[in-house]
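In the part that follows, the structures are each spelled out as structure tokens.
What follows is a pair of complexes built around chain A, which joins chain B in one and chain C in the other.
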Partner chain A sequence: MRLNPLFYPESVAVIGASNTPDKVGFNCLESIVYGGFRGKIYPVHPRYDEILGLDVYPDIIEIDDDIDLAIIALNQYSTAEIVDSCAEKGVRAIISIAGGFREVGEEGRELEKKLVERARAHGIPLLGPNTLGIINTDHDFYATFYPMRLKKGNISVISQSGGVGLSIIYKMMDEGAGINKWVGVGNRAILDFSDILRYLARDDGTDVIAIFMEGTERVRDFLNAVREAVPRKPVVVYKIGRSKKVEFPALTHTGSSVGDQRTYEGAFRQYGVIQAGSVRELVAKSKALALCQAPEGRRLAIFTISAGPSLTVLDALGNLCEIPEFSQSTLERIRERMGDNPPLVIKNPLDVAAFGFLPDDFKFFLSAVLSDPGVDMVLAITIQHKNWRFPTPEIIEVARSHSKPLIICYPAENDVVKPEMERLQMNGIPCYSTPEDSVWGLSALLELERIRKRMDKS
Partner chain B sequence: MRLNPLFYPESVAVIGASNTPDKVGFNCLESIVYGGFRGKIYPVHPRYDEILGLDVYPDIIEIDDDIDLAIIALNQYSTAEIVDSCAEKGVRAIISIAGGFREVGEEGRELEKKLVERARAHGIPLLGPNTLGIINTDHDFYATFYPMRLKKGNISVISQSGGVGLSIIYKMMDEGAGINKWVGVGNRAILDFSDILRYLARDDGTDVIAIFMEGTERVRDFLNAVREAVPRKPVVVYKIGRSKKVEFPALTHTGSSVGDQRTYEGAFRQYGVIQAGSVRELVAKSKALALCQAPEGRRLAIFTISAGPSLTVLDALGNLCEIPEFSQSTLERIRERMGDNPPLVIKNPLDVAAFGFLPDDFKFFLSAVLSDPGVDMVLAITIQHKNWRFPTPEIIEVARSHSKPLIICYPAENDVVKPEMERLQMNGIPCYSTPEDSVWGLSALLELERIRKRMDKS
Partner chain C sequence: MSGKRVLNEYESKRLLERYGIKTVRERVVEDLDQAMEFISENGYPAVLKVLSEKITHKSDVGGVITGINSNEELNEAFSSMKEKFPGEKFLIQEMCSGVEVIIGGKLDQAFGHVVMFGLGGIFTEVLKDYSVRICPVTPDDADEMIREIKGYRILEGYRNIPPANVEEIREILLKICTVMERENVVELDLNPVMVEKEAKVVDALIILGESS
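== the complex of A and B ==
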């Protein structure tokens, strides 16, 4: 595919590589090295001989190898100039890092126009300018100026903003969610949301596409790409633009209008996009979608050792789902386990209080609720206690014999909870650290169910 | 004060103490010991001699000491019976742990009526029944059945639900926010929100009161207590009841109707309550209020090294604040530092991109923005990078010479960020791990400013 040299290059030139650790040109190079890239790396700079143990070339033309991807880490003035050399060298894709283009005014617009004309003339796909770059964990390829290594997974991210894109990355890592590909589209002078979205829609490593956007000029093309992508995999979008106050700053950020938010949101609803209103919501929803299939129906059971959190979940879910009564046999199993006169009312949401503190007991009730034929999905909540452990292995065991989506809430983010969350998620069970994050997880799956059903009908 | 024996007891009896670690009666006792209580602890049980190295008394009457507080960890049937013995012993307050009272139906209602009658007859303030208990970190007193030790601070919490109350505790610990007192009001048979709220409003250790509520029958009394408390200190309330689906489960939880949500919300607005819609929002808002004074006005400056997060903040804040232009002298200072043709637009929100990566540079721009006479408060955002450290000491230094509220966003919650957050907060600067949490912090301060101004006028 046309964008393979961008995501899966065998050889990369970093033009403007520096040996000063606080320079973008150093960090672009170090990011690739630090990320464990196994292809060839060629730093380009007229004055250095060696950086990070790599031979430096004075000019891209002088590299004695084919170059799949050129990363241009020069200032805005030099960037456009260098595209011709890249073309002469036969590079198959370009990432253009620097800002200072159309987002800053008239002079920048001229520079960007020149950059676009040259890249188009040579037929080279160009990402940026004004971008943090690209990450493909599937290729151990980290072409940004924030060196890092990420947990691998099946979520891919498109972000108009490097900073919000980094927030999404860090939040995904906090949440134990794995990333497959990450793309900062920046000014989208050539490659826009639609191009990246179409690539990811067909990418085997990507099961969920998470997008942060400010706005694009090519709205129709973007929405067409959305419409094509949604039947293949869930698309979650966090788009800003509710407040008029973001219009001008967005223009000075990546040069685009945020557009009419209602138009976007209407189209998102129509085309089956799952919407998010914050970084946290985007990540929470993507995580559930990355780990779970859509439920068969909309009937949710909640099982908890403390009623309050289940009430906050019910309140936030509103009419998004049904809360069915349990079947007679489920009620009997529960009653039998509790004995006579339990100091609580047996119902859905099921709060078993102290009856469910110990792992074996938790397992019993979870199994009863998950087995109920009138239940399509389950949220189970328990709370960290000094004197007993989390019922993680028991939950995993119960989940193995059911195909219904199961979401867990262990409300805290500390060193005790994190490894439990990891373990659940390694076994395909999303785990959240607040009731409200769990609501996002549930609602993503409920929305997916609705979208899938609608598509089956049409 | 009447409730001092509840919060500051010198001697405590735990009736129904057990030596089995998965029993509530054991955990109530262990919680007090583990918490470091320095008063006298008397376990009461007819069949044990010693638990956790403490002598066990067969009956509260036989304790050869005055008892300030009795914690009753018996089942619902025995609880009402024991109140007479507590009265005979002269206890000055009671915590009644077990559920199984009016929340479960007719039989429970009768039991609760009996419990209330007896406690009232003896004039003993009673917390519960159906409560997790009480924590007073100021007295190293942890009377719940979840043994823990908390970071001390100036936020006090009232929660109708033990589980949501625990979520709040864990989230506060995750956020590095300190707790002063924590009260689970449960069924509120005698002591209700109003009583605890009035106590905390006059409590020197409490600067902010955070409340989770489902509903109360004594709405007028509660709202009167709110009206009295707000002029003394900020009150933040997360109340559920938007969805009709919570009505019945709430009734079976702590026996109360969630009531008419619009009535509550209208009164909250009228009386100057800061509202929250989730545990996370409650904690984020309480943290800002615990560390900062209200700003003098509503003019916010945002300073960031990446524009995107500042846009998400603007979008979420909407019209809650003004985003003023910087003064000429501020603009000149910034321009001078950047040199000719910086590849960005200098404005508010101020995105300085790579100009602010290093701590000294970050400090310069933060100082410029915070010094602007047209700015009342500042949000500053930076992002974790492998090759440079967070500008934490520089931020602290700049903040020292200004009295304007300053909020920091370091977007991640990992082991690198947590100690930085701690350090900032020890110096009175709230730090958040997403742009949207920062919005909650900012909006709490902006709401406080509005409330204070309105009160000054009236």
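== the complex of A and C ==
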């Protein structure tokens, strides 16, 4: 595939690698080294001999090896110049980091035109310019200038902005959600959303595609790529542009017109995009989609030890789902466990209060609710307590014998909830620490169900 | 507007009819006798409008008189119109009841043809309660467009307002996409479309692009 050298290079040249941590060029190199890349790394700089223990080459031409990918960490003027040398060297893909192109005005537009013409003339796919770069955890390849190592997973991210893209990464880590690939598309001079989306749609390691978008002129092509991707894997998009105030700043950021938001939203619905309105929502939705299949239908059961959180969930979901009554046998199982005249109403949402504080009891009720034939998906809620531990192993055990989507909400402190989250999610059960995040998870699955049903019809 | 062609209300509706979109019964008339002839065939109530290439916002300049219910009223309406717009032609129409909706479309630079749906009056223009899709739309898309506006409840029937036939709205939305693509439309405004048992286009303005 044409983009394989970008995602799975065997040899990488970092042009403009420098020797102090203050510089972008140094961090481009350190990112690759720190990430644990097992291919060959060739720093290129005219004045240094060695950086991070690696031999430095004065010119890419002088590297005595084939180069799959060149990362250009030079200023905008030198970037356009160096593309010819990359082509001469036989480089198969380029990442162009620097800004100062189309987004800054006429002079930059000319520079970008030159850059594009040269890369196109040589037939080299180019990512950027004005991008943070690319990450492929599946290849231990971190080609950005923010050195990091990430939890691996099955969500891949495309971001027009480096900053928002990083925000998505860090939020995903907080949510215990693993990343497969991350791509900053920047100015999209050659490779646009649609190209990356088509690659990820066919990528075995990617099960969910999460996108942050300011805007693209090639929106029809993007929508066609979405249409191709959606039967294989869900596509979640956070698109800005509600306020007219972002129009000009977006142009000076990545040279993009945000376009008419209402038309974007309408088209997204038509093409089966799951929409998000914030980084948090994008991450919460992607996480549920990465772990669960679409439910068979829209009937949700909520089981909780405190009524309030279930009310916030009902309030937020509105008409997105149905809240069915439990079957007679489910009701009887629940009543039997509670004994005569329990001081609460047995219904859906099921609030069992003190009857469910301890793990074994929680397990019993969860199992009863999940087994109800009139229920397609379940949200279960229990809250951090000093003396009562979370029923994580019990939940995992119950979930093992059911294929219905199950989402867990553990209102708790970050430090307390994180290990529980990790354990549940390792077993395919998404876990959130607030009711609102849980709603995003549920609504993503309900949206997926709607999209799949519509696809089946046509 | 070089190269673009603006169709007047009458021409716009004839174009729509060619694609099977229902429009209000109407006739171009120059004098009262012709108007009376229309009435003898269609009866009252009727609407009288000025039909001019120069006037695009007819109602802003008093170019629309609705609720004409008798020969005297028609006579009066015709005289005042003649006085206000000397030398112009007029359009006499049947008057439809129902819920007013707006169906619009345009050629967007990035998206290509786009179709819009909303309720008439303040709902679309002031409250921005409308839905948008890109062409072509499927029957499912059209259904979602109709149901996602907040004003949908009004189409379902409300107090003394009878329910509107949303299937007919859906048909127009589907056909409009074909009209826009085949006729190279750059802008289209069906405003209002009256919907009760049937959906009929009452007023329309279509602008065609250069090559058609």
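By definition in this document, the second predicted complex is superposed on the first by the 457 of 458 C-alpha atoms of A that agree within 3 Å, B and C clash if a C-alpha of one lies under 4 Å from a C-alpha of the other, contacts with A are read in each partner's own complex, and residues count from 1 in each chain.
Operating definition for what follows: a residue touches a chain if its C-beta (ideal position, glycine included) is under 8 Å from a C-beta of that chain, and two chains touch if they have at least 3 such contacts.
Treat the numbers as computed from the prediction; the structure is a model and nothing was measured.
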Side-by-side fit of chain B and chain C on chain A, or clash: fit
Touching partner for A:396 - first (chain B), second (chain C), both, neither: neither
From chain A, separation angle of chain B and chain C (C-alpha centres, steps of 10 degrees): 90
Of chain C and chain B, partner touching more chain A residues: B
Partner chain in contact with A:33 - chain B first, chain C second, else both or neither: neither
Partner chain(s) touched by A:52 [first = chain B, second = chain C, both, neither]: neither
Chain B versus chain C as contact partner of A:262, first or second or both or neither: second
Which of chain B and chain C A:249 touches, first, second, both or neither: first
Superposition-derived minimum Cα distance between chain C and chain B (Å): 14
Where chain A meets both chain C and chain B, residue numbers: none
Of all residues in chain C, those that touch chain A in their complex: 108, 110-112, 114, 130-134, 137-138, 140-141, 144-145
Residues of chain A touching chain C in the complex: 216-217, 219-220, 223, 257, 259-260, 262-263, 265-267, 269-270, 454, 457-458
Parts of chain B lying in touch with chain A, wherever the complex brings them together: 21-22, 24, 26-27, 30, 34, 75-76, 98-101, 103-105, 108, 146-148, 159-167, 170-171, 173-174, 212, 214, 240-243, 245-246, 248-250, 252-253, 278-280, 304-312, 314-319, 323, 341-345, 347, 349, 351, 353-354, 357-358, 381, 383-388, 411-414, 433-437
